[in-house]
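Here come two complexes built around subunit A, the first alongside subunit B, the second alongside subunit C.
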Partner chain A sequence: MTFFTDAVQFLPALLGGLRVSLALTGLSLLFGLPLATLLSFGTRSANKPVRWVSIAFVEVGRGAPALVMLQFMYFGLPTAGLTLSALASATLALTWTTAAYCAEYLRGGLSAVPRGEVEGSMALGMTRWDTLRYIVIPQGWRIALPSLMGFAVILFQMTSLAYTVAVPELMSQAYTNATMSFKYMTLFVLAGSIYASISIPATWLSVLVEKRLARHL
Partner chain B sequence: MIELPEERFPGRDAKVTVRHLAKSFGDNVVLEDIDMTVLEGTVTAMIGPSGAGKSTVLRCLNLLERPDSGTIDISGHRIDAESRFTNRQLYALRREAGMVFQHFNLFPHMSVMRNVTLPQQRILGRSKAEAEQKSHELLTRMGLGDKGSQYPNRCSGGQQQRIAIARALALEPTVMLFDEPTSSLDPEVGVEVLEVMHELANEGMTMIVVTHEMGFARTVSDDLVVMADGRIIEQGEPKRIMEDPSHPRTQDFLRAVLQR
Partner chain C sequence: MLQAVLSGIPLTLGVTFVALVIGTAVSMPLLAGTLSKHRIPWLISRGVIDLLRGVPIVVWLFIFYYGVTIGPTKLSPFGAAVLGLGLVSGAYLAEIFRGAVSSVAAGQYEAGRALGFTNVDLWRAVIAPQAWRVAIPGYTTYGIGLLKDSSIASTIGVAEMVFASGNYARTSGEGITVFMVAAAVYILVSVPVGLLSRMADERLSRTVAQ
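So, the complex of A and B:
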């Protein structure tokens, strides 16, 4: 029964950590998704400087592991004279990763909108912008949404890496309590269960959304 | 033999005038020096073997395809392919011409009503109520008055094509361009669409129809244009050309089509 009494004892600290994990996930999506939207257009822009900067941003974000990005923002930037708090540097790093991956999902979604529908809109006399706004973007988002939701789940798990830069999130709470109590087994089983109890239903939700959105396509 | 419609119907005004239209994709010459006039209130049918450039002519008319050279004039809105033109000029030209495609090209994420309503709101600045009233009127005319709240993929091909026609007509174009409107439909469904087109023609709509429906070309159209290899090889009275084609390529084509 010690597992349960321990669980009751550690749970408040872990749930406090979960709040930080969720906040970090939320902030990275909040800043990352608008940036991804811009990048999804930037990587297809006719303007060369815009295109190259966008592609470089995306390739760095997808090419560098999130752990490297985190360490770079927290330990690397101060040597260049920019010191950020733990949470700010983790948000910055994960925003970059989010923007890079989601830009690619969105780009895929946008280019999957059938050419005929764009022509249908243009032939009616709709402006290029209206065609984007009413035809291409809504459908591109719909096509990309299941992948974006899948990424959000991975991002939530990825926030556990932020324990390496002293963000007091779920993983770091588990680790700190474990080193003090030596109940590693209990704490990591608990932490893993908490991650899973969010991730698994979220994955189900994304499958449900995918099915629902496919109705009219 | 080429008999120009302006000689056959003297006194009618030109609605669409195309001069020296040319278009290549890389080394592939698709259109070569096309001259064409479509008179107000007439139906021009365009036939010819696939790859002849019929659809490309249509797509150049509203600049879905940018010609390499030549001029296009629809109701006085004139665009010269070789000089710069503004977006405003481009949209003005497109407003004159409604286009109907082989694959309908409806917006699948919107209800039928919104498909017909949204362009009116965005392009003509109509209020939602006005636009919906107009849409309802047109859908009813197409025999689809009860389909407004459906999504396009719940409608049959023939219904989808009539929705597409309603969507184009809602913007009150002065010319309708049909790009093989029945080619992706079963014959018995295509008839529904052809009937609607026939009705439109009777009401005096100026129409250009790229088609393989020889019956329609023969009975409904006023002027028949035969294309091959990016050129107009024969033009004139539909019955005359169908019964007594003068160009050998027209003879081959008609023999092949009518034998089916």
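So, the complex of A and C:
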């Protein structure tokens, strides 16, 4: 039963860390999703410089591992004279990754909106902006939503890498407590269970949403 | 500096390759379970897949590296890394393969049965050859993802590319360029692999029944 008595002892610290993990996930989505929407149009833009800058931003964000992004922002930028706090640099790194992945999901969603929808709204005399705002973006978002939810779960798991840049999130709390008490197995199993208890239901939810939305498309 | 970063490449590729082999092996029983009509194997496979995917890779690596002791011996950093990454890969690959198998047209099963194929022959000669063609793009995409995830092995001291870059950054103070170079190497490796898989996909999908 020592596992459970230990668990009770360590749980408050780990749940404090979980709050930071969730905050980091939320912040990255908050900044990343609007940026992703812009990039999803940028990568299809007729304007060449805009298109190439957007594609480069997306390819770097998807091609470089999140861990490299984190280390770059936290250990790299200070050597160029820009020092950010741990949480700020982790948010910056994960925002970039989020924007890059979600831009691709949104691009897929937007291009899956049937052409007839756009032609129909043109025929009704809607302006290009109104067509985008009322016709294309709402439907594109709905098609992309299950993938975006799946990514949010992966992002939540990715925040565990932020412990390498001294963000006091769940993994970092587990590691600190483990090195102090030498109860490595207990703490990492506990941390893993906390991650799983959020990720697994969230994944089920995204599958459910996918099935429900499929009825209307 | 370039040398410092590149010195990590053999271990980056080594971890990726061994983990992919372990993952492919682990995915097979999981795939069989998720395709099973019996409730118990299905439940066990689903449970294992959800659990493996629900816990971040770093946590698995830490459990295997710091937590697991077999008698007095501990796993080496490399051993713990390939075991952790391999198990998680097994879960993701099982899902990729399951999608590929269920994309094989139902008529293919019916035609096979009508021709008197045994279950084993049906799988060996009809379903598997078509399913793996469908699975190739997903498999290579996952492989590229795994290449990037192998960077997580640096957290338990495997001297792969990110570990080598971090060491160089600490000793030289040139943090900004070294991580840019490391990022560039990952991108350079993943772009050609992605192009190759797109070509392979186009060639192979010509021989799959619609």
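List of remarks:
Convention: the second predicted complex is superposed on the first by the 217 of 217 C-alpha atoms of A that agree within 3 Å, B and C clash if a C-alpha of one lies under 4 Å from a C-alpha of the other, contacts with A are read in each partner's own complex, and residues count from 1 in each chain.
Everything below uses one rule, namely that a residue touches a chain if its C-beta (ideal position, glycine included) is under 8 Å from a C-beta of that chain, and two chains touch if they have at least 3 such contacts.
Only a predicted model underlies this, so the values are computations on that prediction, with no experimental measurement involved.
Contact comparison for subunit A: of subunit B and subunit C, C touches the greater number of residues.
When the two complexes are overlaid on their common chain A, residue A:A191 makes contact with subunit C while staying clear of subunit B.
Residue contacts after overlaying the shared chain place A:S111 against neither subunit B nor subunit C.
When the two structures are aligned on the shared chain, A:T127 is found in touch with subunit B, with no touch to subunit C. Of the two partner chains, subunit C is the only one touched by A:I200; subunit B is not.
In the superposed pair of complexes, A:T164 makes contact with subunit C only, with no contact to subunit B. Legend: residue contacts after superposition of the two complexes on their common chain; A:N47 is shown touching neither subunit B nor subunit C. On subunit A, the surface touched by subunit B in one complex and the surface touched by subunit C in the other have no residue in common.
Chain contact summary for the complex, subunit A toward subunit C: residues 59-60, 63-69, 71-72, 75-80, 157-158, 160-161, 163-164, 171, 174-175, 178, 184-185, 188-189, 191-192, 195-196, 199-200, 203.
Those residues of subunit A that touch subunit B in the complex are listed here as 114, 116-117, 119-128, 130, 134-135, 138-139, 142, 215-217. Residues 62, 64, 87, 91, 94-95, 97-99, 101, 103-109, 118-119, 122-123, 151-153, 164, 167-168, 171 of subunit B touch subunit A in their complex. Residue ranges on subunit C touching subunit A, taken from their complex, read 50-51, 53-60, 62-63, 66-68, 148-149, 151-152, 154-155, 162, 165-166, 169-170, 173-176, 178-180, 182-183, 186-187, 190-191.
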